[in-house]
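Dumping the structure here so I can ask a few things about it.
Chains: A, B, C and D, in written order; residue numbering restarts at 1 for each.
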């Protein structure tokens, strides 16, 4: 059986491509381009640009809260007096009505009741449910009430392979969650594409379409692994004080987590 | 003095908070009380005596509002732990002793989340619907007699007021569902409306027989009518009515197995789907306040409100003793107790500390002192409680009322942990085909019995 | 291998077989023309001595030169799986009659085959994309659809084709280039 | 409403930077393009009193990322249109681009609840291609582990069933059982869920002591525990009333719809690949093929009860496997690089959800030329359109849960 296909001569030069490409073709583009073109405006659909695009998933009260480049000043003491403290409001919702010293209390409160969203994509969802059930009980940290509605959830545990068709709904889900919200990438597929990295319809890591706070690798990770990740998230909520300069879309791993 | 210093120094943060608080409660509190009773009280009484109704009303409202939130938190914690226990889980155990503050933390977290109105929602209605739901739930407390004299407003049409206010909550749910601009919310609101409206009827009819028996609509009198032994409770005269009331009240409060309005697996979160932040907190609290209210109503109407199941005085009369009558009137004691209040704690603390100190030679003095103080607290509180129980009838009533109410709250949580959810048509069919005829039958039999007995 | 089945099939479909009946292990394979699919499968289903009632599978194959639709059937009358290969459809415009009249359950399998190969099943009243987004324009399981790291196989040498569209709906093929990773 | 949370400045769906046009279209029930097929045109047209409700892709009771567009008339489901593909990972293409050993790990997460069966069918097909004789001990190990996984899958099904009907407790009891079984398998395979265990010509590792001890503990009380799990729901009046006479399906229709597995047997058709087309060592084992439903066809309750019957049958099989497990090698001798002769092979096994088949075409290279995966729940899910019509919204969950779909297998 002949393996060489017909239409071999139809390789088109990039210049011809730029003219040829239409939105439908963008949708058809397989691995990354959907994620990418899902994030660039229709006017600047340039498929050759790198995938690390600035954060367009939500607008903040203070846009410079998401500015990149400046090192994260995250400690409470440095935070007071610096104007970074103001920019907490960008991520932390109504925090500006609360005095600075109370932030610690608020963080402790938020750390101790992280309600995950009841949404599983694939295999890891089973282990996510297993982490919530009797044998290893995530409820001990006040994490059990899996809210069915994103409006009442704090943590989005992306459990399973993210496909190009599911990317839009997932980003929508993330936007529907009210601030403050956190995202946990559970499983290899969500961290890096995993065993489906090569496929034509998967996204190589969800950090190409949404910010991620904690990565839990494994295929799938054991429930203990997920619980450890959630505890790390609690530590993050307590310590990082809501300033996330590295939260631009793009593959990035928090160094201290 | 150094011992006290070291004791203070070794205390943990929690101890440093608790022990001064206990001092305040046990020493400063009584002093203030007595001063108030002797000096300030009469003057204030004269001042307010002119217009007692308004004062009573304001006080009652304040008390009710202050009471409803802790009650909701306690019930939420009960639900967390009881369901965890039924699921062979541990349940929340990180915040506070055995996770006692997890519900509080969750509530505060909900308050600090972004308050959010979806695009396309009706902003005003969306904002005020949860307030309406919560308010109707809290307003119901006003006529519930927690004990003899412990009732916000002793309306002589208390039951009518209850059903009227309780029926208003459905308006809030309907508004919440409609204003959310979401089809799931709309379905949830409509389900809630249909369900509550159709269960109002058996709910109301089930207590008409009781009203015939009691001859009054005032909850206070209904409670008084059930005094004495537990055989005087209305549940033994109106068993069918009690059963119907229990089922209909469960549906009224949207509890499992009748929680169609927020069925997770069907319509995502029902009328609360689009709610976040504080407004979701209102809906969340209202649900649990409702649970307490239906339990309290069950107790008030059918399970002998604040009355103890056994009548101690009758037993004593049987034995031949005179009934206990202790009147606790701090005003009559004069300044003596004031002096005692200052001296007794110190002396007793030292006395109680001695055995601890002698028991283990390795135990330092500060530990013995702390332990002794705690033991003294225990004894003192126990004594005071016993005195209050005997002396103040409303205290005894409150204890029994709360005990019975939370027993029923446990039953509701238990049902939630075990039952699946019924279907909407089964729900309606049950209300109209079974509960309503049964309630009518109950009413007919009761009326006939009354007539026969009268004649 | 069930020799009697072979005899029965050859007797029954003498004119319609485009090739010999092949048998290996527990499988019997016959090849027919796409036009005969409905008739042959209806006979296989209804004939009391064949009675292939279970449609185990329906899938498409792109041999690189032409398209095939392969059916797997099961019957209680024989220990073999029966494989029917509807052979020889042109890759430009592959068309095949739909089985939904005989097995309504074939509808989604045909939709999947259309989604992956672009084979058009005439008579299927819901022949939409089932997996890929509605305006996806290429057919991933065709042999001229290359995965990202299969540049070695792609005819263009260094040019990394991602996919190549030959949608029967649109006459002009479109080439979309894969994004260069950052 | 503070400045940070003002709803009107919130990024809205219409922002083209966020989503592609077709992805925006996925959220309104009516697609943004004109209907392409007559079925689509018929479905996406409303009569008065009807409305569309978009269930999924994220919904508590769609078992993953299934999206169902419901056409409701009040609470009644007039019509519905399942939309798949939110978990389409292109497994077949990946299998055609990876060598025969690698395929086992590629195909593993298809039906993540019962992944050993996803390995079993392709492995059998490759063995047919290569004419490999599998050692009997390996076959017995395959049957043993497979039936264990069938038990865990059915037990999970029981919990999900109750969860979709609003019962909280059973799912947690199911997960206790399931955790024990997967930990047991993890002792021998090294993974909790996606055991990459079966190999072409045998299995990866021999049964070890930890597995046998855990299995002994489990077997000692498996039957009793199963009785307890049955008692959880079968006496529950609400549960039974909600399941009975919902989604009735008769055997002839089920066959025409291509249904297989428990859903077919619950309609009275005793078609089980383990008996209908025996493979592995199933001919040597004795077990029954439970069927329910009879002439009237089976409803959701039958589908539920049938799986409980199958659990007890699986426990029987495990017991026999333990008793006549032969000694010997667990792998056939094979070269590292497999280049089977050009040919075609089809192999099917009875997965917990039905007939799971694999069709492989070899062109003589180390990678299959074509590999088709036939997943049972993909075919079974077609029944929702048939069974849910003119039911209530709440019955939708009962029917969908009783069909036991797993999106990983449906979307490949």
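Brief remarks follow.
Keep in mind that, in the parts below, a residue touches a chain if its C-beta (ideal position, glycine included) is under 8 Å from a C-beta of that chain, and two chains touch if they have at least 3 such contacts.
A quick note: this is a predicted structure, and the numbers were derived from the prediction, not measured.
For chain A, the chain whose average C-alpha position is most distant is B. Chain A and chain B have centres, each the mean of its CA atoms, that are 43 Å apart. Between chain A and chain C, the centres computed from C-alpha atoms are 39 Å apart. For this pair, chain C with chain D, the centres built from the Cα atoms lie 24 Å apart. Distance between chain centres (mean CA atoms), chain A to chain D: 29 Å. Residue positions 2, 4-5, 10, 22-23, 59-60, 85, 88, 90, 93-94, 97, 172-173, 176, 411 of chain D are each in touch with at least two other chains. In chain B, the residues that reach two or more other chains under the touch definition are 87-89, 114-116, 264, 268, 277.
Looking at chain C, one finds that residues 131-133, 135, 140, 145, 147 touch two or more other chains. The touch graph of the protein chains shown belongs to none of the named shapes. Of all residues in chain D, those touching chain A in their complex are 2-5, 9-11, 13, 15-24, 26-27, 57-60, 64-65, 85-91, 93-94, 97, 105-106, 109, 112-113, 156, 171-173, 175-176, 178-179, 192-194, 363, 369, 407-408, 411.
Looking at the complex, you find that chain A touches chain D at residues 1, 3, 23, 26-27, 34, 37-42, 56-59, 61, 89-90, 93-94, 96-97, 117-123, 125-127, 129-130, 133-135, 148, 150, 160-161, 163, 165-173, 175, 178-179, 195-196, 198-202, 219-220, 222. Partner chain D is touched in their complex by these residues of chain C: 24-27, 29, 53-57, 59, 61-62, 70, 72, 74, 76, 79, 81, 83, 102-109, 112, 116, 125-135, 140-141, 145, 147, 150. Per the touch definition, chain D reaches chain C in the complex via residues 22-23, 25, 31, 33, 36-40, 84-85, 88, 90, 92-94, 96-97, 128, 255-260, 271, 276-277, 343-346, 348, 355, 357, 359, 361, 370, 372, 374, 378-379, 381-382, 411-412. Listed in rising order, the residues of chain B touching chain A in the complex are 80, 84, 87-95, 99, 102, 105-106, 108-110, 112-116, 264, 268-269, 272-277, 280.
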